[in-house]
Amino acid sequence: MFPGFFEWIWDGGHVVFMGGLWYALGIIGMGLTFCILKAAIETAQGKGAEHGGDEHH
Amino acid sequence: MKQSQGHNRPKKYGMVIDLDKCTGCGSCMVACMAENNVPFKKDETNKRDSITWMKVYKLTNGKPFPENDVCYLPRPCMHCEGHHGHSPCVSVCPATATDYSTDTGIVSQIYTRCFGCRYCMAACPYHARYFNWWDPVWPAGMEQMLSPDVSVRMRGIVEKCSFCFHRYQRAMDKAHLEGRHELAEDEYQTSCTQACPSGAITFGDLNNPEHKVHQMVKPDNAHGGRPQAPNAFRLLERLGTNPKVYYLSTREWVRKAGDNSIKGEGKAHAKH
Amino acid sequence: MDSALIPQGVRRCSLGKFAFFIGIVGAVLLWGVYAMLLCWLKGLNQTNMNDYYGFALWIWADLAVIALGGGAFFTGFLKYIVGKDELKNIINYAVLIGFICYSSALLILAIDIGQPLRGWFIFWHANVHSMLTEVAFCLSCYFAVLSIEYLPLVLENRQLNKVPFFHNLAHNMHEIMAVFAATGAFLSFFHQGSLGGVAGVLFGRPFSFREGAFIWPWTFFLFTWSAAAYGPCFTLALTKLIEKVTRKKLVGDKCVDLLAKISGWMIFTYIIAKIADTYYWATVTAPEGGFTLMDFYSNNPMYGIWILVLEIVIGGIIPALILITKKGRRSPFLLVTAVIFGCIGVSVNRWVMVLQVMAVPVMPFDTWAMYYPSWQEVATTILPVAYGVILVALSYRYLPIFPQEKELNY
Amino acid sequence: MSALEEKSKAVSDGGGFALLFFVVGLVASLIVGWVVFPKILYSQKRQPFDFNHKLHNELVDEGCESCHFFREDGSYAGVPKLAQCVDCHESVQGDTEDEAIFVNDYVTPGIEVPWLVYSKQPDCVFFSHAAHVKSAEMDCKTCHGDIGNSSTLKVYEENRITGYSRDIWGKNIAGFKKNTWDRMKMDDCSECHVKLGVHQNSVQTGKGACFVCHQ
Amino acid sequence: MWPWTPVPKNGEANVVNSVSTLCGGCCGISVRKIDNRAVKIEGMPGYPGSDGKACPLCLSGLQKLYGPTAVSSPLKRVGERGQGKWKKISWDAAIAEIAEKLGRMREDGRPQGLACIMDRECGTVPALFQRFLQVYGSPNFMKTASVDDAYELTLKLMHGVAARPGFDLESADYVLSLGSGILDGWGSTVRMFRARARWQENNAKVVQVEPRLSNSAAKADQWIPIEAGTEGVLALGIAHVIIKEGLYNKAFVDEFGVGFEDWVGKDGKKHDGFKTIVLKHYSPSTVAGITRVDPDIITETAKAFAAASYPLALCGRGEGRTPGALHDFMAVHALNALVGNVNEKGGVWAVPLPDYVQWPEAKLDMAAERGLATDRVDGAGTERYPLAKSLLTRLPEIINAAEESPVEALFVSGANPCYTLPDTAVAKAAFSKIPFIVSFASHMDETAMMADLVLPDHGHLERYEDIPAPSGMNTPVIGLCRPVVAPQRNTRHVGDAVLMIAKAMGGLVAEAFSWESYQDCLEKTLGDNWEPLLDAGFIHNPKFTPDAWAKAFQTPSGKFAFMSDACSYEAEGAPIAEIEGKADAYPLTLIPYDSLRLAGGPVTTTPFVIKTVEDNVLKGKDIFVEVNRKTGGKCGLAEGVYAHLSTPKGTVKVRVHMSDGIVPGVVAMPRGLGHAEIESYVGGKGINVNELIGPVEDPVSGMDAAWGIRANLTIA
């Protein structure tokens, strides 16, 4: 799963496949972190439910 | 530290089974079970959940009485080489629990790594892989007969014939002690080979022209190990699995029964 | 009693009635859970699988729900990437169905493996050459994406949404949903494909083996394609079903029509590719292994050529023709017929690519292997259905799943 | 104070609190991870009695192999059996308590000593001492450390989950190692095999094939 | 990973050579041990006959050693017979009880009421029992009969010698097997396999005559399907052609044969000679009518047989568990004699019976003398059955017919008559009438279940025993069965048990047994041979050659007797042994068949071996019978359906396997299933074929000549 593991080899298969995987995981992770942080900051800034949330449907 | 094992010429351990000699007595199956700590259940008559690393099939020529003829075909794991070691089962294992060694040509199965997805079983056209549907249970006291050379398998994992690889390990141990790095032909023989009372099974290094197996089938390594001896054939040759178990038979219908053919002639029918 | 939780401006049945309904489905769920526990504690001997049927009902169920759940990624792809904004009216429901399908698939996989406690080996000790590894990785990742897509819906529950942090989080997630959707689509293209690859790479099994491009057999592409084509069928079928159950119109005709049209053209193109693949396989690939087409469809009590006809004609050509014609998809009856046929078609395809693969004898002296599932297998397969029904019911009752509900009904 | 100020103060107050919370949490976690967890994970077991390798090593001619020998078939005998010891230890020698335990509890009644083996590997592992010691001419020390010069047996720490000695995972809970003998995991075997190119013949990994070290 | 999955303990490997007594062939075995555990059985290289190989049953012998059916201590019956309720008792108590019982019988003047059943009569253990019976005063030592007994009788009548048959198989270049399962357990199993490999190398021709395409038939160069039970007739048909065409060995027949031409018997009357009878009654067309073998095939076979350098005809059906009709044996042996391959290379040899057990004559008291003077209970050796040594198959009927069982006390060792005797139900009824049964079984079996006391013997891997040459060996061999591991349970060697009983009896009985222990007895019996036996594991004289023709025959004429006073072919020639049942009620014929994957004898199959049984022989607990596809079709049957198989002995439910490898009209059932459910790995599965077939008495020898029974098969 990670470089350095017994099964890991530095070949095309691992680089492409695992690269793709970590890339996807990275995007998901960063996106989620971004949302949470932003929401936390917004909440701290006092932004709240009063805006209603229907406009983006 | 000295290092020399790596320089050994790669071996391709394989088996030649002479079907004219095989009498279907079942000694190979029993010897295999006894050697490899194969578990057994109270009812083993459902052959599709009965673990038999070595299984003897009964083939018939499908002709009516009295022209009927039968032939027994012992089927261990074929230790397919596929293309460059990509045997049908090895490449599909998601957890790297099965592997192909270019040193010995043996397809290994590591029981503690296997998590039981059974993809390899789906991949194997020879049904040489068996799943432990049940916990292995020995009647009280009978676990004393278990050999320490072969790991006992737990429920929920796949197992198969290893060409008695532990015997290779044992023989190599002795060789190391004696300062050798190569084994003589008779030093490493599988349990079934040793047990066959008819002498139908021959085992050895297919790459070594001095070994009997090589002489018997003359494998053409340039063409996926295809046998060049006239009466030799392999099971499902056309699928390109490149198995290392070869069969010999002087009977044409038997040789034809080893593979599928389009015209449908000479197809054997399972005896029922 | 629970009116405070119910979205504003919509009407729902009484809590008692709802609880009764949930109770009945819950009983089925518990039955499934019991069977699941049996399989975990006593092992897979509880199933009717055997050494010939290492893959059976469960793997089919897995493949089928993932194909049917493909509506989520494809609708998301269409809405967020292609920009078909009309689909916003169905995307929530599609996401919910996808979420149910994928969580079910993961659960079934966890039951299906012989050593569930070692399940993590597939990630930890991954063999990247195995299609199943690809499946496991993409499946898990995409499930994470679906969870992320479903989460804001949950947060939009009337009460939860009053919490400022949740409100903001839901809002922010909606803002960047396109990123998630794109990632999800990327992952889905792969895992749907690798599920096809699972069968297609088995060169020891002439029934499933296909040639292909690079490391991917043709089934890789066919599976992705068919999931994209038939997934929306399932979304539409379930939309019609929930509309029937709730006796309300929940998704506008325009949206349905658009999705049906896209699905129709996808099926149409897919089925052409599938026919081409089948032809090539029957005339070139299989004969190379010594098999004729009819070897795969004769001498056994079940798998006749009818199954190929069912898959391609009834499950492919007919729904495609209905859905690509305006008249067809606008006729409520034909539309429902088409989406149901479509669901059957893709399910049959997944069935043969799992179970018939196992059934066909490969060694000339071997015989057909027939199989029927044990009750434990059936129960654990129904378990996710019950779970899905409950999750849909809860979501429908408490979450704003259908944005058009108010405008279409009140 | 305006509402806004109040809010920002709350935030800054909260910030200080959060920082404290973070630091305390971190310290607690570190203690749990490095001290408490190993204590919980490993149980301490004593050997039946103490053994002085150094003392014995001085008395024998062939070093480790005098007692830890190879059998004729190439297999490795491992921990000596009672029969090897009784020649000298038929009666109590010297006046240590351990000697008395050995003779009275084991030699006289003829019971094999239930030694706890630090290097015991799982059943699926095949390790050829002959290949390493004879063919590759490796030192025992490389894997086992300098046990031959130890005068006492250390406490056997048994992993409560796996039942194996802590010597397999290594003393360092994070799995770092300084010496070759600090750990005995598969990766440690593989590390050396990769470095020396021993049996790098796996189709799957390009490293050692499974059956090199497994059975 | 899983605590309940056993991890075998490692240790030092070592090997012990022994002889396995599980199969009739006595495989030489090498047992691999890890410390004190036996972990694998392999063939013992160099052992005469089996040479490094072993049969499946012997290979799985560890499952017997460590198996659940091994009896762990002396047992006394507390429940009903056969109920399996036991109380553990001490050895001393058990011995005392036997001694007391036997003492009383002797005091009452009925020592002949003691009988003993074994499966062998050679070697020290049978000799101990025989000696015990002798000094005790009973003539009733019985042995489960086999083809060897029929062959012995044949040699007695035709050669005039007490000898066992030896077959120089390896040298033969044309083998005509008349129903013998040469690859299904006949003779010494593994030796037969090795001989076959030799035939293949030497291009010898093998012809198998049999109603069913057995493994032997499948691996033969030619399978001649034949009407069940008529193999002897075919032999005479072949003899007809050989005589008619003048192909027989005139040097032998003319100079060393008698009864070939017409002859005068003891009664002074002139009898037809072999030639006359065969030429008169056994023309190929007549024989073809009986055997349903094509006349051309008969002629061809006869010519090929006569033309071969070393032709060899074999007799005794299947594994050879039923002796068969004496006529058949004499016919086949006459065929061998016709081509002059008696006591010749590649032929049938008369091998002297082993004579190494030479003990001083025992002193007998009056009681013993009186008891020994009585007729044997089974009638063997009486006027009616002068030829037979023992007729165990007659015993059940005799016991059942009597008001009180003439056998008052019975020892059973090594045999399992309650399983192997024909018409098992009758046998069991007889056993339940015997007041006192002592079983020396190491493993619980059907007969031990009927016993009052079980005095468990050591298992076959825990004891010493001398193993005389197995069936068909043409050279003298003594193998040594020796302890591979120490006894695992509270068992005693059966020899020691006999010694203990004798000592407890006191008097002359005790005096006859001067040995301290069985091992002492064995060592002293073998004398100078003991050390070599211990070293090599066997003593073998591979250079043995049989007597030359000039001095080989001890018949009154000193020649080979084609015909004999005791058994001649009168009028219509040799009859086919009639089997039970009327053809109208039972249109089919049931025959048992043997397979190496099922042990048909006293030893029960092991879990490993039964695992190799195919699912069209046994499925779940259902046994399959094999029937010709056409016959089955006529009965309205299909593959795998349930059917009622009925014979005059009873009706059972079976499943049907439709086969193309069996003669129409024949139903074949595997031997070796239907064991009592003592454990569930092997027991309680299928049907014991012996339940369905009753004994048929050979008019000459009195031995069981049944080769089948009439039967009917109807859909269930």
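Side notes on the structure shown:
Labels A, B, C, D and E are assigned to the chains in the order they are written; within every chain, residues are numbered from 1.
Everything that follows uses one rule, which is that contacts are C-beta pairs under 8 Å (C-beta built on N, C-alpha and C of every residue); 3 or more make two chains touch, one makes a residue touch a chain.
Computed from a predicted model, the values in this text were never measured in an experiment.
Between subunit A and subunit E, the least number of touching-chain steps is 2. The fewest steps needed to get from subunit A to subunit D, moving only between touching chains, is 1. Among the chains in view, B has its Cα centre nearest the centre of the complete protein Cα set.
Seen from the C-alpha centroid of subunit C, the farthest chain centroid is that of E. Counting C-beta pairs in contact, the pair that comes out ahead of the other among A-C and B-D is B-D.
Using the mean of the Cα atoms as each chain's centre, the chain most removed from subunit D is E. A straight line joining the Cα centres of subunit B and subunit E is 36 Å long.
Distance between subunit C and subunit E, defined via averaged C-alpha coordinates, is recorded as 66 Å.
As a whole-number value, the distance joining the C-alpha centres of subunit B and subunit C reads 39 Å. Averaging Cα coordinates per chain places subunit D and subunit E 60 Å apart.
Residues of subunit C in contact with two or more other chains: 125-127, 129. Multi-chain contact residues of subunit A, defined as those touching 2 or more other chains: 6-7, 46. Looking at subunit B, residues 46, 86, 91, 93, 96-97, 112-113, 135, 152, 154-155, 272 sit in touch with two or more other chains. Pairs of chains meeting the touch criterion are A-C, A-D, B-C, B-D, B-E, D-E. Those residues of subunit B lying in contact with subunit C across their complex are 46, 48-49, 57, 59, 73, 82, 86, 88-89, 91-97, 113-119, 121-127, 129-135, 154-158, 235-236, 238-241, 256-262, 264, 267-270, 272. Of all residues in subunit B, only 1-6, 10, 84-86, 90-91, 93, 96-104, 106, 108-113, 149-152, 162, 165-166, 169-170, 172-179, 181 touch subunit D in the complex they form. The touching residues of subunit E, counted against subunit B in their complex, run 1-2, 4-11, 32, 34, 37-43, 50, 52-56, 59-60, 62-63, 65-68, 183, 189-190, 193-194, 196-197, 200, 213, 215, 218-219, 223, 225, 488, 596-597, 607-616, 618-620, 628-630, 639-640, 657-664, 679-681.
Within the complex, the subunit D residues that touch subunit B are 70, 72-76, 122-124, 126, 128, 130-131, 134-138, 196-205, 209-212, 214-215.
On the subunit A side of its complex with subunit C, the touching residues are 1, 5-7, 13-14, 17-18, 20-21, 24-25, 27-28, 31-32, 34-36, 38-40, 42-43, 46-49, 51, 53-54, 56-57.
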